[in-house]
């Protein structure tokens, strides 16, 4: 593991997620700026199953690249890189060397998000009309907003703050659940918390394949919000709603029948999708949360590492598309919110 | 009253709202297409306090105009007219004749919406950054969507379906609660439920005074939604959330303190605003709803009729601005979602 | 109307409820202690359709009795009397004179409570096992708890405070929705807010017909609760939950299928009961509340007054049974919480 | 570890909880009926830090006793034994040998339950009046209720089904959060799902120290409930509400101020208790659930094993008191719900 030292938010979560299902042992790491990750890669080359990258954004690309070049499967935190070109380079490299590249868009690991995707696939919603997605946080409005400084600093964060940091989760979830591709988008961005910094708020309209429209709102200045990841999809036959702050439930509404609340791994497993049940550990009523969702990503990723076969986790494709989303959003915003191809 | 006959949705609500606080008697009416509203106006001229217009959109203007010309105060359902020009004509006519013109944007009559406005005014939210507003219904996705046909028909509904029908409520609420003016907007609209008809879905980005940004989503194809009127405002010091489906509560979130749930006319009236308390009839826990909100509009409107003084209800200004919102949205959508002055 | 003067809580609500559906005109009243209700009854005898009694508890019996003796139909606030014997006297008098006697247990007027009853009757819940009912308020814990003094004073309130004041609502709702009769009960009561006064908190276990068990918790010292009327019924096939603070919804849970949220007068009227739909004024999403529920009681009561036929509103039977509930609860509490026949 | 084999519900959860914070390694186990746990204890005696017992109820006592006699610290699932006498024997044995005995009442491990306890201790609620506690499940109403048979069978489960299985969690939580002792109780129990079996539903009234009253409802036939663990405490100054199905929140209501929603490890850590923060892994908005709660128990238990000092986890005292609760409840129910000392 590179990154994820004592002050890291994601480092300990990754380690807990790995231990949860006892799928891998963390054998070596480079947890501090002063450690040399090149040496780490040399040390573990040929000896470990995969490399985890949880450093700040601006080193993702070079470390992931070095890992792949050393023949290691790699799980790299989002954003996969600072540019689309870099992400594509990683994708091509992994493909060429037949290595597994994972990008832990953790929210796609939630059982009820998988159920949402499977209900869509099964046609329960009919033809999708519209998606409303949001990922809003209020972290930059806290007195002690320690992350605000570096996250708004282009030298460390790259060209984007909120879109690259959490907007990519929103975007990936929209494409993951609908199974559709975004064709073009327009964006309006703002910088509220620090005049000199990168954007901390964005409103984005999207046009997807099959005539579907979507809105994405993402913000770091949504005062009082903790981690508001909320997805709604309206189809011709039904709609669904998922809220990460009540992650074990999925609401499905119908035009002419009462709303239904699906619960994770409830007794009516027949009505749930096999994949959502497989991604659950405990019966309904015993809450699973963030670490279980990340563990689900690891379950699928490590299975891919073992079997060398495709599995249900976000990888190079999602990493690249999410970078295209970042670039298209920034470009549209610079151009007076003009519609921009993705 | 003109309109509001047996098949009308709003007619009975208006009559209940008028009776609720016993402020006026309904003395005469013209409730059917076959009745002649010109005759009604002649009959009541000089004998009644005011005229209520609850007909379909395409006759609002001429009836309201005739009423004002006959010297009657007028309360006219939204949209006030089919065009900005017509709305301005009514506004000027009312101003010239010193008559009261009311437009019942009912949601502004809810006590907790008034509290939201008063908390904003008092500075509780600090500097506002962003507003997220939605008014979504799923009515056009029902099997028996009787209103779909005429509401999507330009001959009856005018140039807009969803924006003029419910989007104007959303827009008016945003300006009412924030006290700000919208400067420009961009829109993307869709027609899902009936290929040949007017737009039934719209996503709108707005730039308001003082650098505030807003999003408005409005839809008639939000399957399973009944009457989803939801307002969120994020400020530098706090944010607020109101949902019409739980109208007696207002949530206020802070960056560094627990979320607070304000309840209508609770014991802590000191923490509530006098106007929100005045707009309440029963103590907290005894639910008030839609008819009470409309009755609050009537309370203020009839007080204005009696006193000839300005009061807290939406009138010509809001009627005109909401028509500008409709026109700007349609224009932007026609022009590839270009930013458009309002 | 007797009672319901300027400081009354229920008086204005009754007047609004009567006006809501325009069913009756309030023609005469006696709204103050200094007015003589005997004179009122003399004045209106033979001239009005019915008499409304909304005075404090200790005069309900004599006024209702005088009204019935004068040949008037009577709607009398709960508790119908101070003792079972008095309630029975009123019941017999009404029966003998073929007069309509109504007791406005308002919560039975809510559309979703009627739906709950109708789903039970239809067998949707299967065999009922258990009922959990609560009616808890925190009013006695407020600084300015003006009603605390007289409600805890046996001279005005009679032998019971919380059980007679709000416990009777809880009890009546349990019997109304289940259609069952309570056979015996045991109670433990407390006096927290004022050592010298009547009970302000009670926990009651009940055994009903068909082997059903129920719990009722009622309190005036449930700090922070506004008007917590919550009903749960668990049956062999399904369970239901209704909360007066979200009165337009009814949750139904199944052992092997997702929870369903029924909404008042939603598009799926086929799945709702005709009576719950008939008791609704506006479509789902437009909130109805307390005054509509009371108006529903009046709708049925005035229909009974007109037609002289039985209708769906609580009357003498419910008034008498609720007084038996009060007496049995107090007796059980005095006897060490012994099981006591009702 | 004894018990917790492939078909076990709690076994895998224990193993995940142990791994979560990487505090111990599971080195040996006896996971099946055919394995001999006596041999296991011989094998590990002197070599491991502690023994975990997750077998069915009827072997808890003898295995825990053998473990303690072999000088091992023991964590034993609830109910600690089948009788009070057995529980007391284990308690005395552990005390005599200065060994650590833990009983994983998992719900006491939730951060917001610790916050509830700490707010009570700090006096935020004032003098407590009343506690309403419930632990209701609908598992016995499912078609495929595999556990119903053995849980209602006295040969395996002992003298009690629902009270010993989940009622003890409810009881322990009430005493844990209030810091009070139950003095006497009365109970009414039922057997609904299987006429021949042990009780599957119970309603219990309790009188605690300092004049506090409590109600406990526990059921296996609460159709549609998954794992309804809900605690409310009403005090003279405030009340609190916690629901295990939304475990990261704690609601606190005041008589004269808006309700507050506390969130686990939110930015306002000053307003939270240090222990609730210490029991949290991720910032607010990233959900923690059941396994984290159990891991918190293990964190404290293993710390006690290491330091030989008392820590914040339920042990012999809670195991014994909960067995007294079971016995007193059954005795009261047999005696016509008479008040029974605990």
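To keep things simple, chains are lettered A, B, C and D as they appear, and every chain counts its residues starting from 1.
Note that a residue touches a chain if its C-beta (ideal position, glycine included) is under 8 Å from a C-beta of that chain, and two chains touch if they have at least 3 such contacts.
On a predicted model such as this, the values are computed, not experimentally measured, just so you know.
Enquirer: More C-beta contacts across A-D or across B-D?
Expert: By number of C-beta pairs in contact, A-D is the larger.
Enquirer: Would you identify the chain whose Cα-based centre sits farthest away from the centre of subunit A?
Expert: It is C whose centre lies farthest from that of subunit A.
Enquirer: Between subunit B and subunit D, what's the gap in Å when you average each chain's C-alpha atoms?
Expert: 52
Enquirer: Rounded to a whole Å, what is the gap between the Cα centroids of subunit A and subunit B?
Expert: The computed centroid separation for subunit A versus subunit B comes out at 39 Å.
Enquirer: Distance between subunit A and subunit D based on Cα centroids, please, to the nearest Å.
Expert: 36
Enquirer: Which subunit C residues reach two or more other chains?
Expert: Each of 142-143, 225, 252, 254-256, 259, 263, 266-267 in subunit C touches at least two other chains.
Enquirer: Give the list of subunit B residues in touch with subunit D in this complex.
Expert: These residues of subunit B touch subunit D: 252, 254-263, 266-268, 271.
Enquirer: Flag every residue of subunit B that touches subunit A in the complex, lowest number first.
Expert: 125, 129-130, 132, 134, 136, 138, 141-144, 186, 188, 190, 192, 201, 203, 205, 207, 211, 213, 215, 217, 219, 221-225, 234-239, 252-256, 259, 336-339
Enquirer: Going by the contact rule set out above, which residues of subunit B touch subunit C in the complex?
Expert: Touching subunit C from subunit B are residues 9, 12-13, 15-16, 19-22, 137, 142-144, 225-228, 244-248, 263, 266-267, 281-292.
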